[in-house]
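Each structure below is given as structure tokens.
Two complexes come next, and they have one chain in common, chain A, joined by chain B in the first and chain C in the second.
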Partner chain A sequence: MKREEGRAIPLKIGRKTWIALIGAVILLVFPLFIRSPTFLQFMILILWYAYLTTSWNLVGGFAGVLPLGHAAFAGIGAYISSVLFIHYGLTPWVGMFAGAFLAAIVGVIIGTPTFKLRGAYFALATIAICEALRVILENTQKFLGFDINGARGILLPLKGHSPINYQFLDKRYFYYVILVMLAIIFYITYRIARSKLGYYLMAGGEEKEAAEALGINVAKCKLIAMAISTFFTALGGTFYMQLVHYIYPRGIVSLDLSFEIAFIAIIGGRGTLLGPIVGAVLLVPAAELTRTYLGGSYEGVHLMLYGAVLVAVMVFKPRGLMEPLEAFYRWALGKFSLQPLMQTDRGE
Partner chain B sequence: MNLLELREISKSFGGLKAVANLDLTISQGEIVGMIGPNGAGKTTVFNLITGLHFPDRGDVHFNGEKTTRLKPYDLCLKGIGRTFQIVKPFGTKSVIRNVMVGAFCRVKTAQEAEEVAREVLDFTGLYPKRDMLAKSLTIADRKRLELARALATRPKLLLLDEVMAGLTPKETDDMISLVRKIRDQGITPFIIEHVMQAVMALSERVVLLHHGEKIMEGMPQEVASDERAIKAYLGEEYVVARG
Partner chain C sequence: MDIILATIINGILMGGVYGLTAMGLTLIFGVMKVINFAHGSFLMAAMFVTYYLFQLTGIGPYLGLFIIVPLLFAFGYFTQQVLIRPVFKIERDVREPISVLMLTAGLWIFMDAFALALFGAFYKTIKTPYKGSVLHLGDVIVSVSRLYAFLTAVILAILLYLFLKKTRLGKAIRATGQDRDAARLMGINIDRIYNVAFGIGIAIVGVAGAVLMPFYYVHPVVGVVFDIRAFIIVVLGGLGSIPGALLGGIMIGLVESLGAQFMTATWTEGIIYAMFISVLFLKPEGLFGFKAEW
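After this line comes the complex of A and B, so read on.
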């Protein structure tokens, strides 16, 4: 029986590629038929959260630690690209990389001491750092000669429809930008998961001593993952700024965002490729709907919802929803007797 | 040539002297066994060799090179492999992926690592169980996996920390022949063992450790029948009573 399954693996990849292709076409085409900007905004947010969570997953999932301060890096990205745009007119398409590199450097600086901490202590340290950054931003009017206006935040000078300046009036452009960004980070994660680095992160996360005895510099691997993760998180921060045109410290460098990212990953399945996407597709609509309908009167209800779902998942499916979904996928393959089809796949 | 040389190494934990002035040499291709009662400092010696702890005094030389303060991962790259007494599998991953982690020590791509892993799994007899999750293995297979993972790093010296503990007699025999096979591959095994049957069958030389000190060294028969060994294991009273 085991052997049979082993032989079926290459076929399954073929099938998955087809599903991915069909999914990609649907994602690419459907905004052309959407008139409602609200709905489009909603889709953009799902993709944005999926993007941030996939970036987070490199550290929080594959490296087996629990960073709860990733909003800090999104904040760094948003602030740096915007400040460079306001003061030098530098297009955020370039400025976002300045922010991303800075975020990666900060990530490594933060990671160097904190990765030595175990479990909850690491999580607490990242929370503290994120909060510290927020407080600093809220109390700083000028930073290195750039106005950042403390708690009031910064407003992006609007240029109308100006693709060169990363500004679009039609939301569809943002939709495609974040879709491409998600595709890129997904592909990078996919490659890492199958590479030496991916194996080393997994090993270091599961059994540090055993990993080191097998020749793995665990700390270095985690720092590499941290640098990649924070780099892409910062790009996500710039995207958010371009989308909403306005940021203030509490709006982005917040524990709310940091926790949301971690919740989405945990509920979807930490350390799995599709977990962050599944989590975002499930949780973001729920959160947005509660925000829309209850937001005015009951602020924070969406976080309560997250909490409730998180508790339920932890109790019933502690390794996230990807596991039952994969089981369902296999069951469906058998149920609808797709076995003959799979054999034709092999013929090709 | 001496593959491994420990020169007067000492290590204390707080007030406890775990290893005291230990001298030891192992040459290429011989099987050395280290015995001693619980708490004698055997595992600490392994930890000092593999860089998990640094000695307070003394030096470790491996392959003609001073390696005293190198980190575990650097020592692995230089050719020191080890297993842990309390096995540490990557439990949620399959057997083959566990071994691939070790294989990446010498190769770059996942494809090459998988080839090495298949070879090692075949060698250790775990190949039929390659797709099982590591945590679902029996204790004997977990010990084997621990060994396979270390072998995949292509070590010159392989430290085996009680790989026979908790095995049935049949499994012990299998493990003994596996260790011999490993030696025949040109890898030098250095074993810590409580199972006397295994120590006797395998070792060409036995080192007896007690309270962190080497109290004797010699042929297995010699050490096992020596008064000092019996004292160390069974206590003074036993020797006196036997009179």
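After this line comes the complex of A and C, so read on.
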């Protein structure tokens, strides 16, 4: 979008850039003052969900389809990097890319037939893949000599504080790792949203036939988005494994996690840059609190919150919470600023 | 040999119930072009209604149908009227509105978690007089409650088929499914048709829930098993096809019961997913070549 005329003051940094800079500094500095590992863990979880939903958003938001099995890719990442670490001592820093490439390949394999079909097929196929992977993992003790341990899951051998092996005793390291990962996926999304691919995806998501008539290979664009999305989701899976040291099939390759990822992004605002992050910041703390206070009785009760919020958002604000928040942002600018609404929002 | 025969019969009977749940799903998809992800949760709701109806008043599942079916119909009707319709309105021009998919997915998670909070995670069963009674067909033993359930499924499939083909309302429903804009131009009240179609779909799943209760158990996430089976069945049978749903259901039932004879039961689930994925790859229009009636 063109810059407004008459605002040609050089070296003036835009308001949004300021906000982003201040936010970044706060995010970078505040763990230095935090002593409580519980609180830090809490923050790490929020960032982790924000990371996963931003990855999800690449395909679920921009490509206009509804993937409901992203936990499968997180599971692939976690399992592959851990299995390589346990058997060959390969550091997860390298192993995670093996998992990520495999996840991308699986993602493309699912996408190839289903992107050509109508939306419902894709959603169903992703659910089926996620469930199928869980069943396979639960029933496999050994695969090609690697221990999978079926439903019991894998325990990561601990090496103490060993940065080279992606193991840290202090949670702060994890905090910074996931912060950097989130920054990377955010930047990639930002670039894609402004690239040809992003526009093709948007066009293909909204009006598939029209986009195809213009000569856009919609299915191919969606496949690229799917590959990138699943790749980064798998990296997130490895991160989770390093954080908690233990996974079992139901713990990660579950529909619960898949739905959480999708719902946070949808509630925040599908296809917007900040939507998934806003969704994670709003929902993860609430869900964690529900899980703490109610989850003791039954596993899964915290999902009630996600379901209810999602239904309410769909009925009242189908484009997600980013829309009212942006409206509020503009309103606040107009209210408290001397230059009313000069700056148009670039992008979303 | 008898074991195999008994397994086959059992698979077919269970498959009928799977088909029954899938039928409602396929009807809703055919008309609205929306997969109702909350379908299994409605099944769970119907099973809890059946359970409490029996426990509190002693009305059995089959007599209870007269209460359960209208109740579930109303449940579906108003879910569509209150929740789905406004979302649909926004995406009117889109053939398959994705936000409605999300809405039903949210409903699924909400209903399951809500039931978990309300009823707890325990398995509940009812004890009907014919529970455990069996028929001897030659050497093969058949459970009476499963047989009833299967017969109900077949009768309902025929009734639904006739309803859609012969009655005026059925024709209006099909017309809406074929082209909602053309149907609206013909003077069909689309919103009402959607309400009714969703209501019928949920009422069918209500029947499934009622006839399941005599030989199954209910717990808050019982729907997930049937949900995922139903998704697979509708794709196997061809999205939107009623006979396809019943046949697909029987097929899944057969695979499940026969599979359990030859391998660990948990693996049969894997086979079902493998079947589903290969159908998606090779024959996404469904196995039986039924043209959807829309």
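We take it that the second predicted complex is superposed on the first by the 325 of 348 C-alpha atoms of A that agree within 3 Å, B and C clash if a C-alpha of one lies under 4 Å from a C-alpha of the other, contacts with A are read in each partner's own complex, and residues count from 1 in each chain.
By our rule, contacts are C-beta pairs under 8 Å (C-beta built on N, C-alpha and C of every residue); 3 or more make two chains touch, one makes a residue touch a chain.
Note that the structure is a prediction, hence the values are computed from the model and not measured.
Colleague: For the overlay on chain A, clash or fit between chain B and chain C?
Modeller: After superposition on chain A, which the two structures share, chain B sits beside chain C with no clash.
Colleague: Using the touch definition from the top, say if A:Phe186 reaches chain B (first), chain C (second), both or neither.
Modeller: In the superposed model, A:Phe186 contacts neither chain B nor chain C.
Colleague: If you stack the two complexes on chain A, which partner ends up touching A:Ser195: first (chain B), second (chain C), both, or neither?
Modeller: first
Colleague: Quick check for you: in the superposed arrangement, does A:Trp48 touch first (chain B), second (chain C), both or neither?
Modeller: After superposition on chain A, A:Trp48 lies in contact with neither partner.
Colleague: Tell me the contact category for A:Phe85 with respect to chain B and chain C: first, second, both or neither.
Modeller: neither
Colleague: Residues of chain A touched by chain B versus by chain C: which partner has the larger set?
Modeller: C
Colleague: Go through the superposed model and pick first if A:Ala203 touches only chain B, second if only chain C, both, or neither.
Modeller: first
Colleague: Counting only touches as set out at the top, which of chain B and chain C does A:Phe263 meet: first, second, both, neither?
Modeller: Only chain C; A:Phe263 stays clear of chain B.
Colleague: So in the superposed three-chain picture, is A:Tyr240 touching just chain B, just chain C, both, or none of them (first/second/both/neither)?
Modeller: Neither partner.
Colleague: Once the shared chain is lined up, is A:Asn217 touching chain B (first), chain C (second), both, or neither of them?
Modeller: The answer is first: A:Asn217 touches chain B but not chain C.
Colleague: Between the centres of chain B and chain C, viewed from chain A's Cα centre, what angle do you get? Round it to the nearest 10 degrees, please.
Modeller: Between chain B and chain C, as viewed from chain A: 70 degrees.
Colleague: To be precise, I mean the smallest distance between any C-alpha of chain B and any C-alpha of chain C in the superposed model; what is it in Å?
Modeller: 10
Colleague: Once the complexes are superposed, what residues of chain A are shared between the chain B interface and the chain C interface?
Modeller: The overlap between the chain B and chain C interfaces on chain A is empty, containing no residue.
Colleague: With touch defined as at the start, can you tell me which chain A residues reach chain C in the complex?
Modeller: Per the stated touch rule, the residues are 64-66, 68, 113-114, 117-121, 123-125, 127-129, 131-132, 135-136, 138-139, 255, 259, 262-263, 266, 294, 298, 300-304, 306-311, 314-315, 318.
Colleague: Considering only the defined contacts, which chain A positions touch chain B in the complex?
Modeller: 2, 5-6, 194-196, 199-200, 202-203, 206-207, 209-218
Colleague: Contact residues on chain B for chain A in the complex?
Modeller: Its residues touching chain A are 50, 52, 71-73, 76-77, 81-82, 84, 88-93, 97, 100-102, 104-105, 108-110, 113, 128, 131, 149-150, 152-153.
Colleague: Please output the residues of chain C touching chain A within their complex, sorted ascending.
Modeller: Contact set of chain C toward chain A: 29, 33-35, 37, 83, 86-87, 90-91, 95-96, 98-99, 101-103, 105-114, 116-117, 120-121, 221, 224, 228, 231-232, 235, 239, 264, 266-267, 269-270, 273-274, 276-277, 280-281, 284.
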